[in-house]
Structures are given as C-alpha cells and as structure tokens.
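All remarks here apply to the structure that follows.
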Amino acid sequence: MDHPHLVLESLCKTYPDNGVRAVDTCSLTVDRGEIHAIVGDNGAGKSTLMHLVSGVVAADGGTVTLCGVPVHGTADSVAHGIVMSYQTPRLVDELTVLENLFLGEEPRRMHVFFDRRAATDRVATLAPIIPKRMLNRRVRTLSSGQRRIASLVAALLRLPTDRPGVIILDEPTEATTIDETAQIVDVIRHTASGGHAVVLVSHRLQEVASIADRVTVMRAGRFVATMASPVSVADMARLMATDDRPTARSAVLDDRVAATEPDGHGLKLVDVSLTDGDRVLLDALTLELRSGEVTGFVGVRENGIEALELLLSGTARPALGHITTANGRSIAPRGRATLRPGYVPSDRTTRGSAQSGTVQDNLIAVERRRLSRRGIIDTAAARRHAQSCIRALGIDAEANWSMRQLSGGNVQKCILARELAASPGVLVVSEPGWGLDSATRSRVHAQLRRVAAEGGTVAVLSTDVDEALEVSDRIIALHAGRIVADLRVGTASRSAIARLVAGDPTA
Amino acid sequence: RQEPPPTDLFSIGVFVPGVVEGSPTYEMLVAGVERAVAETARASVRVIEGGFNQAQWEQTVVSMAATGDYDLIVTSNPEMPDVVRAVLASFPTQRFLILDAHLANNPMVHTVMFNQREQAFLAGHFAALVSTSPMVDRRSRLRAGLFAGQEYPIMNDVILPSFELGLRSVDPDATVDFRVLGNWFDAGRAAELANSMFATGSDVVLTIAGGGNQGVIAAARDRRRFVLWYDTPGYSQAPGIVIGSTYVALDRAAFERTVAAIDGTLEYGRADVLGVADGYVGFVEDDPLFRRHVDSSVRDALRRMLERFESGEFSLDVRF
Amino acid sequence: MITSILSAMVPILLAALGGTLTERAGVLNIGIEGLILTGAFFSVVAVSATGSMVAGLFAGAAAGVALSAVYSVACIELRANIFVAGLATNLFAAGMIPFLSETFFGTRGVVRIAHDSSRIAGDPAIRTAVFALGSIAIAAAVAAILFRTPLGMRIRAAGGNPDALAVRGVSPSRYRRITMLASGAFAGIAGAEIATRLGVYVPNISAGRGWIALVAIFLGARNPIGVVAASVVFAGFEVLSGAAQGFTNVPGTLLLGVPFLVTLAAMIVYSIFGRRTRIQGQPSPNE
Amino acid sequence: MPSIVAVAIGVAVAVGLLVVGSRDPAQSLRAYFVSPFSNRFFFGNMLSSSGYLLVAAIGIVVAFRAGLYNLGGDGQIYVGALVGTYVALAMPELPAPVGTLALLTAAAATGALMAALSGAAKHLWDAPEIITSYLLSAALIPVADYAIAGPLRDPSRSLLASARIPSAYRLSRLLPPSELNTSALVAIALAIALFAWIERTTRGYELRMTGMNRDFAAYVGISRAGYTIGALAVSGALHGLSGGLMIAGTFHAAVSGFSLGIGWNAIAVALVARLDPLLAIGSALLFGYLEAGARTAMLQSDFTFQLGMVVQAVILFFVTGSVLIRSRHQ
C-alpha cells in the first residue's frame, strides 16, 4: 500500500469526428481522503478527462492506475472502485430510483430476485441524503436536482466499503437547491474523510475554494496549474482565462433586430391554477410580470416552479384562469394569434435541443422562417446566423458539429444563444447559468438584463437563489403553488429567501 | 434436366407458373415432359419456375420466347392462355402446349383441358356417399366441406358448383360449407378453419389448398373425420383420414402431347377437353388404403357412378 | 371454439413474449417470422429422427437460438441496421430451409413427420390445455423476470438508456444478445408447436405470425400480461372470422381481413382509454 | 459510398454460395452478375423495377425521416394500384394525359389516405403508427384480393386480374422490348426533388427536426399534426403512386397479389440508403440488380428461387453493417 492512490499519467484524447484535442498529456496524482477539484472554462476538457478515468471513453495514450494497478475500461474501473456521477445523469427513466441506484450491483434474494428491502436498507444507512419516499418513484418524474442527487447516490453506493476508492463528481451541484447543495457538500466531505478520493468538477468556484484540498486548473485540454488549499476564486479565474477571451468574442448578439413587441409590455396571470391529478401545482396565482425588468422566481421545483415554467412558456395551458400579454395575446409555442416567448427549458437535451442535429440546425430552429425565402432556407443567412450566435456566447464549436460533440456548458450556450437571438418580447429562462463557467455566466446575465432594458419581459426560474439575486430586479418566492414573497432585490437577505423557499413562514 | 439446349435436338422449355416443389400437378407436368424427352431421345428440356407473382409470368415467358431457343414451350395452368396470347403478340412464331387450360383456334397453341366439373362432381358424389354410409354417425342434414386456398374463377365457377351437384346427386338437400384460407401455406390456420367445418356438420372435407391441406388433415385426425384429396392420389398422406382421391392424368397428357410435338404430329390450333370417359379424369380406386378404409357399399356405389361416366350415359359439359 | 382460440393463441403468444424481451432491451425484432419458420422445420427434423415431441420442441428452440445468434451478430457485432437485418433473417430462413430440406428429406416442399402424428401431438384437448397454460405461465415468468429481477432491470435499462448501463460497467449489448437469443428460442418453440401439432412442415408455415407477434407486443403495451390479452384478442377474432365463413354469406376472402381490422380497432380504443403514458424505448427509426 | 466494403464482403459470401449451390458455378455466376446487363430486355426490366422500388423507398424515407414508421407500404401500394386501375377503367374516355394523371392521382390519394389514418390515430390518441399502419394494410389487402377476384375481374381473361386500362393511359416505353418506361424518369426526378426538399426547404427542415426529436420540434413551434399526419400522408401517397406507376407503366391491369413484398423491400432500400433520397437511387438499383440477377440466373442456369433469397439475405446482413466501415468511438 505504498503506491499513491489514483495516478493519471500523460492522458491524451483527440476526438476523431471533429479533431478536437480535448485532453492533452494530463498527469495528476490524487491521494486517499483528498478532495481534488478540476476547474476550467466550458469545453476545457474536464468531462472528457473524467471519462478517461472512469473508462467510458478510451484514451489515445497515457495510463490510469489505482494503488499501482493499471485500470482499463468501465467494467475494470468499476471493479477497482472508481465510480462516477456524470454531468448529464445516466439514469433509466422507466426504472424506479431504487432500481437505478443499484443497477449493475443488485442485491439478490434467493439468487434471482432483486431484493428491494435490502436495497432500501442500504440506502437508508449509506446515503440518507435521498428521502425514502423518493425511492419507488420512476426517474421520469424527478426534477433535475433530484436526478443529480440520485446519480450521486448511485455512485456513492458503488464505492467499495472495505478499501479506499475514487468518486468522480462532474458538476454535482448544478440545478440543485440550497438545501440540496449543502447536503451534497456534506456528503463530499464525509466521503473524503472515509478515505476515498473525491475528484470534483465544478464551475462554482466559491464552493470549490471552500471544500477542495487541491485545485487543478484546466485550459484547452491542458493542466495549467495545481494549487493546494487555500485557493482564492480570483486565482482560479485568472488561470482559467484564455488570453483572448474577454475582448475577441463580441459581447452581444450583433444581428439582433428590435424587440418584436415594443408595445406589448408585460405578461398578466389571472387566477391561474394547474393541477396534476389530485396534486395542486399552482393555486389561483394572480401576478403581473412587468416589461423592462427581470423577474426571478425561486422555489423548489415541485413547489410550483416547474408548473410555472410550463405555463409561462405556453407549453401547458392553465386549468383555470388565463395568461395574456399586455396587448391581449395568449402565449404558445405555435399558432397564428399567439406569441412564442423566448424559452430556455429546464431539460436541455429532451426539449431544448435536437441532439442528433448539427449546431446550426439547433441555432436556426426558432428563426427558421426569417432565415428562409419563399419556403427555401437561405443557407448563407442561416450560416451567418449560426456564426453570430456562436460568437455571441463564445460557443466552443463549429456550426456543422453534431450537438453530441459539445461539452455540457456549450449545449446550454447554444440554447441561450438561440433564444436570445430571436429578440423575444417575452423571455422565460430556467436555470440560466446551468453548467456555465463563471465568465460566461456573467455574460449571460448581462444579456438577460439587456433584453429587459430594451423593453422585454424576462422571467428567470431558478433553484439557485444566488443567481436569481444576481440577475433579477424582483424576486418571487413560491411555496406549495402559492406566492409566499414578492420582493425588490436588495430588500431581502439571501438566507431569508432560502427559508421562504423551504416553506418557513417565519422568514 | 438443366442442360443448355443443343441446337440439333428438339428443344423444349417448360414454364412452371409457380414452383414445382409442393405442387403435384406441376410435378406431373415436369415428369410427363421429361419422360417424353427421355423416351424419344430426340429432344432436350429445360424447366423454368415462374414464382408466385402472376404479374411476372408474362415477363418470364417473353424472356423464354425472346431467346428463340425453344421449339416448344410447355406450360400448365388455366390462367396461362392470357399470358401466352400476350407473348404471341411479340413473338408470333413461338409454339406452345398448354395443359389444364383452354385456348381454341390459335394456330400456334395446343391446349388440353381436363373436365374439372366431372372431377369435382365425383368428389362431391363420393363425399355424400361417405356421409350417408355407416362410416359416420348419421346426421339429420347432409353437409360437406370444400376448402380452398384462395378464391379464383375455376374454384368459384366450376369446382364449387360441381361439388355441390355431386353432393345433391345423392341427397338433394345437401349443402356445401365453402371456406377460404387466403393463401396456400398457412396450415395452422387451415386446421382452425377445418376444425370449425367439422364442428358445424361436415364429415368430409375436400381440400384444395396446397400446403394448407396438411392443416385439414390434422383437424380431421383430431376430430376423427375424413378428407378428400384432389388431382393426385393422397391416401398415403394420412391413411384412414384421406379416404378418397380424384385424379387428373396430367402426366400422361403431357407425355403424349409432348411426344406428338417431337414427332411433329401435334395439331396446333386444337383445344381438347378430356374427362372421365376419356380416362384422363377419375377416382383413384386401386389404392389398397382406399379399399381398406372405405366401406364396400360406398365403393360399389362410386363404381356405379363411374361406370355411368365411362359408358357415356352421364357426362358434364365444360362451359367456356 | 375455446380450444381453437387457445391453440391459435399459443404460437403468437410465445413469439410475442420473446419479442417483448428484445423490445424491452431496445431491439425491435423484425426477424421473428424467420425464427418461427426455422423452429418449425427443425422440430420436424428432430421428431422424424427421434419420434419425440419434446425433442421437437427442443430442436425448434435450438434452431431459433442458432438463427437469432446470426441475427444478433449482424445487429450487435456488425452493427447492421436492426430492421434490415431482421428482414434478412426472414429471407435467409425462407431461402435456406429448402436446401436443408432437400438434404434431409429429399424434398423442398411439405415434410410430414414419419411417425404416427396423433401419437406425437397427443390428445388435442390435453395438448391445447398444456400449451395454453404453459405459455401463460411463461408470460407470468417473463413478467417476473422483467419487473422483479436484476436481469430484468438490466434488460429494461438496455432499452431505456443503454448508456446508464454501460457506465456501470455492464454491457448493454450483452443483454440485447441474451434477449435476442431468448426470443429465438421462444419463436423457435412457437414454430415447433405449430409443426408438431400438425405433424408436418409446410414451406412458409409461419404465415405472418411473426408480424402478428409484433402487433401483440405493442397492443399489450410491452407488458407480458398485456401481451397475453392481445394474443387472445387476435386469436379470438381469427377463429371467429373463420367460423363466420361457415354461417354468413359474406365472401370468405373479405372475412380474412377482419381479425386485422378488429385488432386495429382494439389498438385505437386502447390508445384512447387505456394508456396514460406513451410507449417508451422505441428508438426513432432514423437513429 | 461508405458501404462499398460491406457490399463487397456480402458479394463475396454470395459468390461462395453460388459456387457451392450450383452444378455449373461459372454459368450461374455469369447469369447472375453479368446477364442483367447483357441485353436491352433484361437491362430495361431491371431499371424499370428499380424505378418502382425507388418511388416506394422515398416514401419510406419521408416517414422515417419524420421519426415515423410506416409498415403499411405493401397494402398502400397494392390498394392504391387497385383504386387507380378502377378509376382508369371507370373513365376510359379521358384525354390520354388526363387519364394517366387521374389513375396516378387516385392511386396516390388512396395510399395517402391509408397512411394518414395511422397518422391521425397517432396524433390524436398516440396509437403507435408502427402497428396501425401494418394492421390497416393487412386488413385491406384481402379486400383488394376480393375485388380483383370478384367485382373487378375481367371475365374474358383467364388471369386473376382486372380488365386492362385503356392503352392511351399507359406510359410510353423507353427501351422496347423491355418494360422500361417513363416512370423510371419520374422516380429519379422525385428522388432528387425530395432530396432538395428535405435538405433545402423550411418544411424539409421542420420534418428533419421532428424526426430527430419530436418534443424539441414542438417546443420551437413546429406543427405536430402537420409532420405526423402530413408526413405519413406523403409517405402513403408515394407508395400509392408507386403502385399506380406499376399499373400505368408495366402491368396495365391490377393482377392478384402483383405487388406484394415490394413494400418491405422499399424499407430495406431506404435503410440501406441511410434514409437519403439520392443514395436511395443507388440502393434501389442494387436491389433491382439483385433481383434481375436472380431472375436471369433462373432462366439461364440451375439457379433457384431460394438461392436468390439467400444471396439477397447475405448481402442485406452486410450492407448496413457500420462496424466494417469505421470503428465507432466512445
């Protein structure tokens, strides 16, 4: 046991489909009990590196060794005790949470049957972070944050109990609530103190600074520095920045036309209710979203945020009441007399993008008519449009790449860029900063504020109270389908809002 | 049987509208022609299968005629005259012998038609004889089954009415239970249908359904009923279950007419109709299984009917 | 009538249960038709050689497994398009059997089992009961496997999100292969059941049952118990429409379409009233 | 053409089979591979049947590209052809081009209606089109059989077929004595047009997006109904048209069962072409060639029907296998 714990040596990976050198001779050692953070801009190669360690992507060169034993491939790495929670949770929608947690390592009864009781007990003792009532729900019905926790727990349960293992967490705290985030941080600390190595990929630099023992900064596939705690956010940001980033990419979408609805200010909700079976999702909500400002909605997704997202974007119709723009139009994804609001949905790959399409296919989707002449797509205009979106948010991809070749953050950027470029009078954004590096996140926030400044109505729905506070003029907190607070930003503290969201009426 | 035709021999192409395997009549056709070729030793033969898509037969026969290799094309099927007429429009010098079909007054074509009215009548007559004999429990009302692979003109217009006529020659109130399989191979479904026929009063079923016949046999075996075979002796298919069988001597006709063609004595332009009295259609009585499983009273009654045909006292016209 | 319905149900149900397994594992089994045909032929080979129906069923299963092994190699190892490979499987079976038949029996056509077929098939009522109950029991077992065992979880994961399985170090291909082989066995037994019941192999004896099995899978909402119901519905209307030929004056040929029409109606009624969630896991045809 | 290696392997296996399965391998091979090109008759017939197949195959392309299965092609072709024939026979006095157009329109409309019903059931009730399209087609094929054997049959013909359509309505032959006729040109034009439509037009784009991700398409405001019912209707129309062209171009009458099987082959053609209408031209020719090869080989050697099926199966096993072309990463 003299060997160092996890050793990566000269790992390389070039994706042959687009020639991207995603990981370039990276070497690293992670000790037992260490929390090691990897930070870097979107597309820096963090996820790819982690995939090389967990074996789902085969390296072009280099080795991964655990306690001196070389590890090859997924099955091997699982057997050695290297487990991973992925940036996009790899869960099976039609299986229950419990089944997902144990998939591949199922406890058995009479050698044949899946032993639910033993499985449930194991979750209760090893990972109490996951509530028991959630275990028998199908993953299909989970929110993004819940999926993230399920994915994390699935990895935790796979860690060896008799010897130290490695757990890799790729952005574990994206789209999780304050409570969930705190729980996850606890779990990370607890796991590390149990002797396991934790490799953490995150854009939350503050969080990284507070929990990581060491931080490695990645830029364009290479390691630029590894620093021991204490590490400052500013240091990380400085090292991550590529020289050309802030200026060379134009900060705004340059082919924006004037907002489509200069006179159609605001969005009115009158007595809006929505139910799912017996469950009341929204309860007689009356509310006006004013144009010219960003309204941030905070709350646990089940508390009505998710329902509100569907209603504000026109994806679902209220069971009772109605939603109209100031000039009386209703909202819907399509239809003659309706308005399609700009909309960044909470599910990036199922609704937000066509993963088998190209980047350009995805970027022109909303404005396909404007980019066509007499029913024929104007290829030059379409390409220009795609390029300008790519430049505007610094998407790290070519227009003709398949969406599958994009890093997680860049998928989010594509969706944002598309919706922003359509100059929407009304813009509904769920989790705007999801998976974005901090520089891009600020740029996106600036864009959202700019849309408002130009007379647009912007609704931001977020589980991240900090982000909501940063981008909004007004904050609305929902609990159990009702408004529990409606505040101007600056009049309430972060912790008060957090308590409101959690349903604490004394806040 | 597959050598390319050398030019000095009388060259014969046999076009099979379907596939030989599994079709007793096409097997007879090929056997008859091959025997003629073997016995005369002055001819060659090549057999070409046309497959089940009727619409492609014409193209294949055109291809055969287009080679100019064949002194005679032999084929067999009531549906072929139409195809042959179309081919003759492009290749007017090609000669044809078509069995089991009727095309009169075409100077390039000789046809031989078998009297299927008589054949189906015999089957019906025999079915009624069996049903009224001690071989089965007597029923109030005589009913017999006719099971067809598909509905087609000869089936609907000739076989079905003649079978009924045969039944009624024994019992004027008898009825036919006619059912269709929809194809020529689904033996499983054929068993279900036959089961239903036996369950609703038929003791004997005449089956003309290719591979589907096997399902009828299975159903008869399960229910201890009887099956009649068509065109070829079928007793050995299921001894004691297949108890009657009509025949057509297609092989003999094919042999004789092919020999005539090789000798140059075949009369083109002629269309023969051959029936029971000519000896080309009849009932297979000389099989030991027939004698073993059919009561002598039934056999005698059948013999009397056949004698009336053979003597010319009774016959059925084929209408065109 | 009930006996007829049950005996018409058995092969459809067996084939559909195998197809349900592959469908759950993410493989739309277009090759069932060819697998049934192969099972039927080899069961006749085995019964002719041994005189035992059980041997026939085993041989049918084995032959189905062998052909589906070829099919799964094409799909999984060579990554051929599942649909095209399935059509190829059907063609291959229909084209290959005549050669084998010529070798074993000297004919490319109908092959009757040489032994006394009523002894092989047994008493029809008992036989039908045994097979019907047996296949329904198998349906229950398949349901138990799918929904109660780790094996079933992995199968459903292989169809629902193969990546989720792969990252856990479990190969989704392995479970696709397992289900394809199982489907081969089930379809092979289905074919063997038909052939041993009738005591004969007839070219093309599968006669579209593979396609009906696919229908039953979806009509049964990919759930083994639903598949039982769907198979009963189809078999029932097939038998009824056959019986109707005997007592109506509607031309028989027209009645042949009735089972399909009724099943179509059932499918639509079920879609309207019976289903809350969509069929999942069916990959889009252009992926 | 990336799949050339795979085809080559398939052909090699097929050649092996021919050599083993034939008593005169040289003659069989020549007949199979060379004869389709050896004279105008065989060559024209090969092109002609490829053309019909191509029209149906691009019908499959439309459906599959929209993410929809159309398994009812066989019935749409057959019933479409029958209705087209009926219209032509019912209106024998129209001016020639109008008559042909009426026939083709009726055929296409019939196919479109059949498929659109599945589309509507999918859109309204989420009934799986993969099943409803097959069932509707399976239910209507016996009806068409009945019509051809009964009410529509021409009693003066011995064939199980309708009367022949007026000769003025027939498409003109391009390479007599073969069957090749103008429909082959129509097929190629349609394939090219479909390619341009899918790749260049807004609606083509909307169709592609629907096929890639239906939820995404709805989210960006693409009509669900249009690209469910509409796409299936177009798919069915092309199948029906294929049937109509066969009547107007080659058969001139509805013959019992004449087109059955083409619907399934069309699916294979489309998938081998990876759902690209231009590649479908090549893959339809490949299929036409394999079939013509089998037919000429049957005429000229001891080649059998069944051997043709096995050869085709072997080539199909290999032709779409991507692992032979490039190894997949990740």
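In this document, chain identifiers A, B, C and D correspond to the written order of the chains, with residue numbering beginning at 1 in each.
FYI, contacts are C-beta pairs under 8 Å (C-beta built on N, C-alpha and C of every residue); 3 or more make two chains touch, one makes a residue touch a chain.
Given the structure is predicted, the values throughout are model-derived calculations rather than measurements.
Participant: I need the common contact partners of subunit A and subunit B, sorted by label.
Facilitator: Output, common partners of subunit A and subunit B: C, D.
Participant: If you apply the touch rule, which chains end up adjacent to both subunit A and subunit D?
Facilitator: C
Participant: Using the touch rule from the top, point out the two chains with the most contacting C-beta pairs.
Facilitator: That would be the chain pair C-D.
Participant: How many angstrom lie between the CA centroids of subunit C and subunit D, rounded to a whole number?
Facilitator: A distance of 27 Å separates the two centres.
Participant: Quick check: how many Å separate the C-alpha centres of subunit B and subunit C?
Facilitator: Each chain reduced to its C-alpha mean, subunit B and subunit C end up 35 Å apart.
Participant: So the centre of each chain is just the mean of its C-alpha atoms; given that, what is the distance between subunit A and subunit C in Å?
Facilitator: Averaging C-alpha atoms per chain gives centres 44 Å apart.
Participant: Mind pulling the subunit A residues that touch 2 or more other chains?
Facilitator: 56, 356
Participant: Give the residues of subunit C that touch two or more other chains, as numbers and ranges in rising order.
Facilitator: Each of 98, 108, 208, 251, 253, 256 in subunit C touches at least two other chains.
Participant: Going by the contact rule already set, what residues in subunit D reach two or more other chains?
Facilitator: 142, 145-146, 149-150, 212, 304
Participant: Taking the top-of-page definition of touch, could you list the pairs of chains it picks out?
Facilitator: A-C, A-D, B-C, B-D, C-D
Participant: Sort out for me which residues of subunit D touch subunit C in the complex.
Facilitator: 21, 63-65, 67-69, 121, 125-128, 130-132, 134-136, 138-143, 145-146, 149-150, 211-212, 264, 267-268, 271-272, 275, 304, 306-314, 316-324, 328
Participant: Name, in rising order, each residue of subunit D that touches subunit B in their complex.
Facilitator: Per the touch definition, subunit D meets subunit B at residues 23, 27, 41-42, 45, 142, 145-146, 149-150, 153, 155, 157-161, 177, 179, 250-251, 255-261, 295-296, 298-299, 301-302, 304-305.
Participant: Which of the residues in subunit B come into contact with subunit C in the complex?
Facilitator: Touching subunit C: residues 21-23, 150-151, 177-180, 182-183, 185-189, 191-193, 195-197, 199-200, 211-212, 214-215, 217-218, 221-222, 237-238 of subunit B.
Participant: Which of the residues in subunit A come into contact with subunit D in the complex?
Facilitator: 15-17, 56-58, 315, 333-334, 340, 343, 345, 350-357, 361, 364-366, 368-369, 372, 375-377, 379
Participant: Within their complex, state which residues of subunit C touch subunit B.
Facilitator: Interface residues on the subunit C side: 1, 4, 7-8, 11, 98, 107-110, 112, 117-118, 121, 124, 194, 197-200, 202-205, 207-209, 238-239, 242-243, 245-247, 251-253, 256.
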